[in-house]
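Chains here go by letter, A, B, C, D, E and F, matching the order in which they are written, and residues are numbered from 1 within each.
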Amino acid sequence: MLNEHKKGENYSIYLLIKSAEKRMTSKSSPYIRLTLTDRSGEIQANLWDASEEDVANYVPGKVVYLNVLQDEYQSKPQLKIQEIRLANETEPSDPSLYEISSPVSKKELQSQINDLLFQITNPTWNRVVRNILNKYADKYYEYPAAEKIHHAYRGGLAFHSLSIAKLALAVSDLYPQINRSLLLAGALLHDIGKTKELSGPVGTEYTTEGQLLGHIVIGDEIIVQAAEELGFDLNSEDMLLLRHLILSHHNKLEFGSPIQPRELEAFVLSKLDDLDSHIQLITTTVNKTSAGNFSEKIFAADNQAYYRPKTDLSEKSDQNDD
Amino acid sequence: MLNEHKKGENYSIYLLIKSAEKRMTSKSSPYIRLTLTDRSGEIQANLWDASEEDVANYVPGKVVYLNVLQDEYQSKPQLKIQEIRLANETEPSDPSLYEISSPVSKKELQSQINDLLFQITNPTWNRVVRNILNKYADKYYEYPAAEKIHHAYRGGLAFHSLSIAKLALAVSDLYPQINRSLLLAGALLHDIGKTKELSGPVGTEYTTEGQLLGHIVIGDEIIVQAAEELGFDLNSEDMLLLRHLILSHHNKLEFGSPIQPRELEAFVLSKLDDLDSHIQLITTTVNKTSAGNFSEKIFAADNQAYYRPKTDLSEKSDQNDD
Amino acid sequence: MLNEHKKGENYSIYLLIKSAEKRMTSKSSPYIRLTLTDRSGEIQANLWDASEEDVANYVPGKVVYLNVLQDEYQSKPQLKIQEIRLANETEPSDPSLYEISSPVSKKELQSQINDLLFQITNPTWNRVVRNILNKYADKYYEYPAAEKIHHAYRGGLAFHSLSIAKLALAVSDLYPQINRSLLLAGALLHDIGKTKELSGPVGTEYTTEGQLLGHIVIGDEIIVQAAEELGFDLNSEDMLLLRHLILSHHNKLEFGSPIQPRELEAFVLSKLDDLDSHIQLITTTVNKTSAGNFSEKIFAADNQAYYRPKTDLSEKSDQNDD
Amino acid sequence: MLNEHKKGENYSIYLLIKSAEKRMTSKSSPYIRLTLTDRSGEIQANLWDASEEDVANYVPGKVVYLNVLQDEYQSKPQLKIQEIRLANETEPSDPSLYEISSPVSKKELQSQINDLLFQITNPTWNRVVRNILNKYADKYYEYPAAEKIHHAYRGGLAFHSLSIAKLALAVSDLYPQINRSLLLAGALLHDIGKTKELSGPVGTEYTTEGQLLGHIVIGDEIIVQAAEELGFDLNSEDMLLLRHLILSHHNKLEFGSPIQPRELEAFVLSKLDDLDSHIQLITTTVNKTSAGNFSEKIFAADNQAYYRPKTDLSEKSDQNDD
Amino acid sequence: MLNEHKKGENYSIYLLIKSAEKRMTSKSSPYIRLTLTDRSGEIQANLWDASEEDVANYVPGKVVYLNVLQDEYQSKPQLKIQEIRLANETEPSDPSLYEISSPVSKKELQSQINDLLFQITNPTWNRVVRNILNKYADKYYEYPAAEKIHHAYRGGLAFHSLSIAKLALAVSDLYPQINRSLLLAGALLHDIGKTKELSGPVGTEYTTEGQLLGHIVIGDEIIVQAAEELGFDLNSEDMLLLRHLILSHHNKLEFGSPIQPRELEAFVLSKLDDLDSHIQLITTTVNKTSAGNFSEKIFAADNQAYYRPKTDLSEKSDQNDD
Amino acid sequence: MLNEHKKGENYSIYLLIKSAEKRMTSKSSPYIRLTLTDRSGEIQANLWDASEEDVANYVPGKVVYLNVLQDEYQSKPQLKIQEIRLANETEPSDPSLYEISSPVSKKELQSQINDLLFQITNPTWNRVVRNILNKYADKYYEYPAAEKIHHAYRGGLAFHSLSIAKLALAVSDLYPQINRSLLLAGALLHDIGKTKELSGPVGTEYTTEGQLLGHIVIGDEIIVQAAEELGFDLNSEDMLLLRHLILSHHNKLEFGSPIQPRELEAFVLSKLDDLDSHIQLITTTVNKTSAGNFSEKIFAADNQAYYRPKTDLSEKSDQNDD
């Protein structure tokens, strides 16, 4: 694994090509800027004097065998390539072996979400959620929750939805005025539009549809279609409320919601979405920082640098709970 | 007509009750604050010592006969009521005689819009527009374009849409890179969601659906349904572009568009909508001001007071054109 | 109780005077604008032709006996006073019988918070919290959490702190990277400065100290003093982190935090504070609205009106849990 | 022409030097970064190992003969220079042959604008416009409308003014309350201050005067001087209105207008200026994008990327109009 | 003097009518809302059952004799009028005896400003300032500096200019890099446009010219005219800098400057203007507050309430200086 | 001195290493990017093919002997190193000989500030200031006022405080309502928290404490501790006011003050701080610009470029004062 090596070391390794950009040196000699990854992290390497064949071979999604010298460039690790070739079939050439993915397995995600469905006791919302999760199961459990920033990995969409659903359970336990069914349904469906806004789990980018409509409106369209299939009245309060939760989940107009939360569960959903995505984003960023230091500035967290305490707070907490 | 009378005059008149609010004096005596209107304007009057019967009779939508003394309260005209009774059937008691409505008749609106449809030469957009205008004809030609602020009168929605469509023709003549069909289709449909967001032409208020979904998302839903009825592919570029125009026509996220304009015709539509609504708003407000003075501040026009020139600029302009 | 009566009814009742403002009619006759309250709500009444003695007697904090006719003024309920006198000692004249207060009793608040202290396993934070809660117990369990807006009632400060502490437990269960001790300590102490910023549970207003320093800085000062008493090093990470949580709990500089959250638990605390205060605020406001309608606009919730669903969502939810 | 060649091709060409920046390689070897242009576009090239003589010769405004190999650097076309020399007098060495300029010839611009003057029927405004266009004719028909962003080419100022004037005609036809004379006069003069704010059509930059006063105040000064020459009363309504149109044409204070529009024609002018400049900017940017893709983000258009539809909308539109 | 009387007192007094607004009671009986003033303050009074003659007589600018009972309305002092008549010529009927005006006499203002002119050693700036102060002397020493808010009294313009000029002297003494001549010239001329933007020292309102052009552009026009009279080159650095100081003195575009400060003295002038106007505004507001309390919120000072310390800080300071 | 040499010159010089960053060329050859400084300015140089020993030797804080050729890179001066070695003890190897520092010597700063203390005639404030300046003397006279931007040099904190104190004297002379003692005390202490927020005069960076608490809260803590040592009542008006001045000196919440100025002297202090820091910042930036040109844009001065007049305004001013 990448994170077992350090600067100055010479080693051989299989890695997945995440991106490959053809560039030229200032003297017009072509090279490829490779971003290589396994589950422990990612690293950059330049393939100098790249031939046309190299450009054709070394593309995103391919696994390569490398012999490298680990170096550093502008205070980030970098590989000096001494040998490179495509991995063959007898080698570990399956890309899924190298991808960062949800910390919970797809099977586990499905199992936990299926269990949660029983807590959506309102039959309208329950059937809409089941209808959609069935139709979009392939994408729902494979897509990331974003192109980058947070939960940007295979399974991120379902993992993020599940995390919010768990928060929803906890919050509706503490506040009896909150309707658990509605909040759960909203939690599981809020980002369903991302299955069309994004291109997929690998080399994720925005689709044309995604850029012209946005995942919030696409999500609303998916819910409307489910209601029509199920013969539910679009003007019923149940449908208006569920749609309102999805439409308002970015909380403010300037964040892309066409309507702000105007109902208690809609407000709470928007806040839980914000809470989970930021906890994930801050944790990921702080984990790259050494103890006692501040991370790089996190643009999506008010551009603040976050402190990683000297003491491992999570560890200490665990011990203390014993 | 109201605008033929002035302060100090005693006269009899038929007027439509636009609003009637039951209030109490500081000494707890009940009275009704009436807003009365005919096509030339509106005025306020207090009906003192109102009985329960008065409260039951004098409600919005009723035409009343009045004998009044015109006075002024806080520098606005006000009527002192000397006699009031409901108009009977032999009198001009039809509310539509008193309502401010579109400066163009419903028939004329329909005729002009039908003519414009032939300029939408793209068959997809043409059929979607025809499908929707047929289905929503009743409301499209009767609804106002807003609860208040601009085009807030019977027929305002169609009149506003037609005005933008005419601007669209002029602009696409001047800029060949603009697609006339797309811009026209967008102009005619951009506010179609208001037929469900608003309650109707009289006593207009927001519906629950309007407040929870907003007219932009409702309009998108109407277009999606039309496409499904017509068997058009929702993923075709034609449909994506038309939906994008409707979704982005408020121009900025903070004005309620879930997506900003990302296509030329979408950008132009959003600007023509803004232009027409402000010209109408400024004109209406300035017309209430005497020449050589500044109007009240117009909140929706950056909270500026607008100047009414001493010279009647429109008149002079007309003469000069001869 | 006030909420058992309606418009048109004549009845006798004991109420607490919450505010009494001497005014004059436009004809210079003095009267007192009274705001009267019991645990079920509050109402206004004007005491006409008020004598100097009336002005001296009917002051905030006094309980009065009234015979009234319930009326309405500008669509809000109002009482016409037919008889008024101070309640005497044989009557229910203890103000605390009429005050809205925390939904949980003081004793219960103390008990629950004391239990939570055992979950703060870090000894530094545990001792700081205990030191402060001991010293400030009188005020901590009596003060409101705000002058108005949310938790503005006797015991509101402790109730709000406890609610956040419960959220903190739930969230730290779901995210192992969060330190439960730190988050709990922050939850319990975050608003401790309000014990000096506000004047007390009755007729709450800002103190001079509160207006010149603000509760965030006062809270930090209280923690620094506790650390000094306990002999803790102010430069230790434990102390820096705890102070950082209090200082940053308004999340953004423009909301009065001198520093934004730059540590995970600090971020989470700021979000839980925001979540609990808004749930309380929205619930209180929506509860005043009839089903199927929108509430008045809530300034502190982005100036949105909130919808009260026709179906009682909380009730249905409860049933379903059985 | 540049746009007839592609990557990998070897060819000879005459080009105009638009900018020439002396730089050093990381190893301190001097080179010149050239931006070269003809009417079909522009391209970059590095002249390696540049001598002092090269630095002296190859300066903006010179035409050069080149033999080149067309390559690509960071996904943009770039020329590898194989031979370079200044064009001599027997060759096409006149810079005006290579400059991008107004799509309408200077003569045509003058002719169209002169025709428009007859539609300014108010004698005051007519004479002020004629006085200024006569005095500033040299610069008015040669200057760009901006240093960069939109209409940044020879003749851009007059072309932009003419476009707005045509919009002004169309809009005043549709809205009779708009004074055509005033709007036309404002359209033609609104950016007159740019003749002093900018340095000229080639190598355009801001003058010191432009940076310390701004084109809006300079434009006002030009109008005041014209009025004084013509003996018009500066306090007449005609002069106040014309000056107000120029002063307020950036619409908002934060865009540099010292006063916001407070008169109908002033409001309309500001919106037409905004409309024309954005249509030009979006069109230019989208034209650089291939069909079915999004352009680079346009900072001055809310930082949005614009979509170039797969179907050529303008072409189809034209056909359909037949 | 007004400030010698208090609530409950019956007394006779001469006062100047500052404003007189005709109103009606809710029962349509006419009355006049008078604002009455002398140099010690101002107070309101309602003249009930006002006749047409009263309306004609009691207008702003007139001095009246009153017999009154001092009362309070909504916690502000108010007079109950027992007798009122116009002051006759044998009485103190000269309005200037009652007006709040500059704390320094007109003569003293002129003398101090004339002395300062000698410190403008640059001949261009010196002559421009002298030219303008001579031409506008009548208005410069009589006009207020604003319609309301700060220095809103006769002589306020000159007093405010003089205060800034004194600050300018002090600051240029402390920072040798600051040019005293330029800063002084800017200080004395920065608000010269107010002589046309405002209507005059009594019943001050904005002129049409003021609303359509604004005092910044008018001030620039006055300087340009002075330069033309004196034969100075408008393109000289001296003239550009002086104009830049006037144009940029509101510091930010959103405050109405068409250009932001881009030169050191321009920056300093904008800050000294801000400092002096706020010190005057805060002082005036705090002086109306009793010791140990907070003033009303001051909109133009970030909407903060200001504290008046219990100890008289200014007094103590003076003693300590002995 | 560095500023005595120019491009193309070959010379020997002693310089202090301000920063040394290890980098790699695109071909992975290591080099050191050095920033070298003496009191006349700073310059960059790359040490190519750097050995591990070089990396160990050439670190910030070391003085080096160099033989260089002065060149230019991207229009900034750069040194080509021909020889480099550490300065030995017989050479001028004391870093303090090369550092930019306060324009006033430490001794002079102490002397002037000590003199000013006598003008703080209020005994509470006088003793608090003396207590703190005594305890923090080492840091107060050595620390910079900022990490970068303004007064970012040894002694900058005291120099900046002294400059504001001098402004405070001048302003309190002009406005008798201002308390000189309070304003002076605030001026001298306002940035005292920087002694803990910053790491020191060399290689200045933010401490962990600085990043988690901020200098405003730290400064407040320092004052509270001084008051406790001196036995002053924290609730006395004197202490509340002094703390308020420190807490509010950033003027607005979004600039990090937990409370906005709500007292006259607090407002004035915040404005004088702003004025002095900007004059210093603009002057430093403009001094790097040649006459008749605009500086680089200054982010902290509204991102404006500042003009350096052709005429030396400061010089002329000085002459004129004779």
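Heads up, the rule we're going with is that contacts are C-beta pairs under 8 Å (C-beta built on N, C-alpha and C of every residue); 3 or more make two chains touch, one makes a residue touch a chain.
Everything numeric here is computed off the predicted structure, so don't read it as measured data.
> Hey, what chains does subunit D share as contacts with subunit F?
A, E
> Return the chain whose centre of C-alpha atoms lies at maximal distance from the corresponding centre of subunit D.
If we average the C-alpha coordinates per chain, C ends up farthest from subunit D.
> Between A-B and A-C, which chain pair is linked by more C-beta pairs in contact?
A-C
> Which whole number of Å gives the spacing of the CA centres of subunit E and subunit F?
Taking the average C-alpha coordinate of subunit E and of subunit F, the gap between them is 39 Å.
> Subunit B to subunit C: how many Å between their CA centres?
It comes to 44 Å between the two C-alpha centres.
> Quick one: report the Å distance separating subunit B from subunit F, using the average Cα coordinate of each chain.
Each chain's C-alpha centroid was found; their separation is 60 Å.
> Which parts of subunit C, given as residue numbers and ranges, touch two or more other chains?
26, 208, 211-212, 237, 241, 262-263, 294, 305, 307
> Which of the chains are touching one another, listed as pairs?
Listed in label order, the chain pairs in contact are A-B, A-C, A-D, A-F, B-C, B-D, B-E, C-E, C-F, D-E, D-F, E-F.
> Quick check: in the complex, which residue numbers of subunit B touch subunit E?
25-26, 46, 48, 71-74, 80, 292, 294, 305, 307
> Could you please specify the touching residues of subunit D with respect to subunit F in the complex?
On the subunit D side, the touching residues are 23-24, 26-28, 208, 211-212.
> For a test of understanding, state which residues of subunit A touch subunit B in their complex under the given definition.
208-209, 211-214, 216-217, 220-221, 224, 234-235, 237, 240-241, 243-244, 247, 253-259, 262-263
> Under the definition above, what is the set of subunit E residues touching subunit F in their complex?
Listed in rising order, the residues of subunit E that touch subunit F are 121-122, 163, 166-167, 170-182, 237, 241, 252, 260-265, 267-268, 271, 274-275, 278-279, 282-283, 286, 294, 301-302, 304-307, 309-311, 313-314, 316-318, 320-321.
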